[in-house]
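Here you go, one structure.
Letters A, B, C and D mark the chains as written, and numbering starts fresh at 1 in each.
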Amino acid sequence: MTTPAGGRAEGVQGGFTKNEMMIVAAARELAGQRVCFVGVGLPNIAVNLAKRTVAPDLELVYEAGVFGARPARLPLSIGDPTIVTGATAATSMYELFALYLQGGLIDVGFLGAAQIDRFGNINTTVIGDYEAPRTRLPGSGGACEIAINARQVFVIMRQATRSFVERIDFRTSAGNLGGAETAERIRREQGWLGRGPSVVVTDLGIYHFDASGEMRLDWLHPGVTLDDVHAAMAWEPKVAESVGTTAQPTAEELRLIREELDPTGAYTKG
Amino acid sequence: MTTPAGGRAEGVQGGFTKNEMMIVAAARELAGQRVCFVGVGLPNIAVNLAKRTVAPDLELVYEAGVFGARPARLPLSIGDPTIVTGATAATSMYELFALYLQGGLIDVGFLGAAQIDRFGNINTTVIGDYEAPRTRLPGSGGACEIAINARQVFVIMRQATRSFVERIDFRTSAGNLGGAETAERIRREQGWLGRGPSVVVTDLGIYHFDASGEMRLDWLHPGVTLDDVHAAMAWEPKVAESVGTTAQPTAEELRLIREELDPTGAYTKG
Amino acid sequence: MRDAVAELVRDGDTVAIEGFTHLICFAAGHEIIRQRRRDLTLARLTPDVIYDQMVAAGVARKLIFSWLGNPGVGGLNAIRRRVEGARERSDDGDVQAATEPGNGADGSTEQEGSTGDGSAASSPLELEEYSHFGMVGRYLAGASNLPFFPLRSYFETDLPRANPLIREIRSPYGDEVVYAVPPLKPDVTIIHAQRADANGSTQIWGLLGCQKEAAFAADRVIVVVEELVDEAVIRADPNRTVVPGLIVDAVVVEPFGAHPSYVQGAYDRDNMFYRDWDPISRDAGSTEAWLREWVNGVSGRAEYVEKLGAERVESLRPGRAPSGQVDYGDYR
Amino acid sequence: MRDAVAELVRDGDTVAIEGFTHLICFAAGHEIIRQRRRDLTLARLTPDVIYDQMVAAGVARKLIFSWLGNPGVGGLNAIRRRVEGARERSDDGDVQAATEPGNGADGSTEQEGSTGDGSAASSPLELEEYSHFGMVGRYLAGASNLPFFPLRSYFETDLPRANPLIREIRSPYGDEVVYAVPPLKPDVTIIHAQRADANGSTQIWGLLGCQKEAAFAADRVIVVVEELVDEAVIRADPNRTVVPGLIVDAVVVEPFGAHPSYVQGAYDRDNMFYRDWDPISRDAGSTEAWLREWVNGVSGRAEYVEKLGAERVESLRPGRAPSGQVDYGDYR
């Protein structure tokens, strides 16, 4: 592998899509992490890219009951047979959730989201009223327990005024609640192992969380402006004093996505 | 196998020990039963004899985590390797206790005891005061949960004034408590699956429990008198209107015990 | 299969066809549709395409679940039609469901037409929802005869409000509070497996999901297998046994019975099928047509497999990856 | 082994050497004795002969357990000396402990003499006792970060009175009450296994006991194996993995390290040893002499095995009973 580990190294000839940039940026955030719980959807491709680039020793944990997966191909579903063959351990879901997740062995829970607010609280349940939803989304799956029990949470999602909202329609997974102070107190009182969300990667940039527990824009992807970001979220975002520009995808990153991980373009088109 | 299934058929030439008679009588009580949880000690040999005689289809369950054991030899310990090889299932102790026992799949829990009272309450913890015991016994093991969760409980133990007592020193496993009426109420209120003790086999005879929940002598072993029984227990026992005489061990039963199950005589001497 | 479903699955039952992505018994689901069962409560962590088909066919009145999607593809459209039901549609075009791999299947449901698949298929569908661990815990409490299962989840979320059966419970060792879910005891649990013996003792390798818990929790159990093996095969490796024959009411041999889901070592997940289901299921008419052709139009799984064609079947066969062998020792 | 114990087992620790009859790591227990650890709290469902030896050697101040006996033989005499301690002996000659297979080892302890095995070995030993399911539940609560574990046991017994940590808990779904036990998180859990890879990913077949729960509950984990294998062997059969390397702090290769307990497929339980231990342990002097000869008198397990002799070792080898092999399938 020739990819600069975790760096924002100089990019590459040729075009790339916004989704490719998002996946690459998310993968790079995993540099240095040890154990990652892989959520359904975009996290799956981001984590698999990280395993092939910046984090070859990353242990992939799938809620389906797998620790130490070595998928020979990108699993389309997170319960694909390729995550079992050659894995370190395949166990019941009970043991996966009880011993690995709730037991505190997960460094990073990597989630997707339909809606997120400035404090990183997540909705994947409904758009509209719960009893009579405008859109019925899949629901929690393992997300609400991952959000509490993983040591930290990474989020990957596309950004839009409908998804980066002032107030989420349903809180499926807890983030920093109403702010860092409340969140810290409640985590302590209720004995959560997790410290909550630490990074959100979108198709426009990269956010981390500041001392108040609010999302702060730290990096803009190449070609994206602050105006683009403002136009794609419902609140006025905090912005780092000096916002960097994310390094473009390398040729190797793009090759891995296009040839190995997502040859049909299911994740990356657009 | 030529042994009359479950019957009290006529015995056999030659002597046999009181312990052999006890084990044979206990084994015969298992005729018609389906799933038996095998307790440590004397139950182990009685159940293994039953499996080879009156109850070939009996499923042996060992708390060590085995369902459907087919021990090729008598396991000295109830965690012997011979209970695993060729078994239907070998599982964690958690699953054995949670799914098989607490889940209600055990027809008979077969226990030993150091002390028992007239209502079938059992002590296997201490003789004397708990804090400063005269004799420290092994304790519950799985017995206290077997007593509650198995559909019925069989007991095998030698009889003496010190073991058949008016008041046990410590209640390790619940029997019929203070009598059938209380026991029925409490079982209902607390949702026990078990109906409590149904038979006690000793070296002198066989007891079942009457409508009041008290032990009643139904069978005397060959050569044993009512006086012998009275001399070997601390309370005045109820006695069936017509007490039968247990059929002597058959030649086959004795051969199995002496040649296959207990060639060193660990269980049966005396 | 016909006899097992006829005898063991009854109108109004709570039915769990379990298996997390792996070993989902589509063959049993289709037989339940063919036998026109009604008013079922369907429990599964991930309803998946099989419950989407069953809901479309009108067998269900309620779902108990934790994640409602077509894994790796998008939403479950037949179910969504019953849930989003009478509401006026609005354009949710750019809301990204956590389901979606790409930015395609994003919640738009404007293809809604006349459902036409019978009144049972268009009446409102009741939902009772948990998280994955909550569902597993429900089965486990049911299987182990406990009145509740405690877990660290749901804190500071809207789930306990949406489902009042998710309740707080206080530790007897201090003030700590965690959440609890109630036991779930299906009337029938149906699981698919690589192999079982004639008694029903069943072995699974690969993802184990929560089939063991769901089976032990159930009143009746149907095991569907790729292969019936001699009891000696099971007894040679007792650690692999997931379910003993003791709790099994029927063993059905139905090769390829899990398609389009998969069987570790035997066939691959048919991802193309899952993708194809998305456009089919977006329209009630095409959903109905599919059910007519592939479920009601065949007598059973054998005919379904034949219709699928040898080429499709062969394309799903994996290479070999043998487990190696261990020695239990002969002790006599 | 020497390094693992030196680094990871500290005075005052709570130590769990788990394994139910199967895979009891005597080699680790002996090394702890040789390194003269003190004030340990020893947790095990069945203290077995290994804790009898450790208690006799004076390493322990407390036992947490559920069944205190020499399985299939009788009592644990060194432990009983510390528990029945100062009391006047009376003749309990005909009380039958549930332990006893025959009518021999029946609780008589009149052989009591000067313990002489050091003050640490004769001071009172604290006991904290549960049932088997209670102990398993304690490890499970510890491993899964729960404040309690609920179970249906202890009703109408004297156990909750003897151990006030066994407490009632009310269901949030009605009035039902069950019992709870608190989490147990050992400082160190030591397990023995057939095989592990260099990362510590460990596989066991045969009785699984509660090693997984005890290991996940612990702060530090030592795995002792009969054989170190290539990572590929483990990864070829992921369903057999009990403990991942992630939670393992040391892997020690120590063939025959579980003797006189056994390793499924590798060697038999040495029942003669368990029987022989009974008379040895009835007397403090002979107990001490045994420890001097077989524990402190050898440098480690290799020397112990040599001393045991090839004939004894060979007599414990079982015949073969291969598991057969399954196919996980190669999916790319």
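Just so we're on the same page, a contact is a pair of C-beta atoms (placed from the backbone, for glycine too) under 8 Å apart; a residue touches a chain by one contact, two chains touch by 3 or more.
All of these numbers come straight from a predicted model, not from anything done at the bench.
Common neighbours of subunit C and subunit D, listed by label, are A, B. One finds 27 Å separating the Cα centroids of subunit A and subunit C.
If each chain is reduced to the centroid of its CA atoms, subunit A and subunit B end up 58 Å from each other. Centre-to-centre separation between subunit A and subunit D, using Cα means, comes to 43 Å. Counting only residues that touch two or more partner chains, subunit A has 66, 80-81, 84-86, 90-91, 98, 102, 149, 191. Residue numbers of subunit C whose C-beta contacts span two or more other chains: 140, 145-147, 151-152, 176, 205-206, 208, 212-213, 236, 239, 264, 268, 318, 321, 328-332. Taken as a graph of touching chains, this assembly has some other topology, since it is neither a line, a ring, a star nor fully connected.
According to the touch criterion at the top of this document, the contacting chain pairs are A-C, A-D, B-C, B-D, C-D. Interface of subunit D with subunit A (complex): residues 140, 143-147, 201, 212-213, 216, 234-236, 238-239, 241, 244-247, 328-332. Of all residues in subunit A, those touching subunit D in their complex are 35, 59, 66-68, 70, 72-73, 80-82, 84-91, 95, 98-99, 102-105, 149, 191, 193.
Subunit D makes touch with subunit C in their complex at residues 145-148, 150-152, 165, 167-169, 171-174, 176, 178, 180, 182, 194, 205-206, 208, 233, 236-237, 239-240, 264-266, 268, 318-332. Those residues of subunit A lying in contact with subunit C across their complex are 19, 39-42, 44-45, 63-66, 75-81, 84-86, 90-94, 97-98, 101-102, 111-115, 124-125, 127-128, 130, 132-145, 148-149, 157-158, 160, 162-163, 170-174, 177, 186, 190-192, 265-270. Contact residues on subunit C toward subunit A in their complex (touch as defined above): 20-22, 45-46, 65-69, 71-73, 75, 79-80, 83-85, 87, 89-90, 92, 94-104, 107, 109, 129-133, 136-137, 140, 151-159, 162, 176-177, 205-210, 212-213, 262, 264, 268-269, 271, 274, 318, 321.
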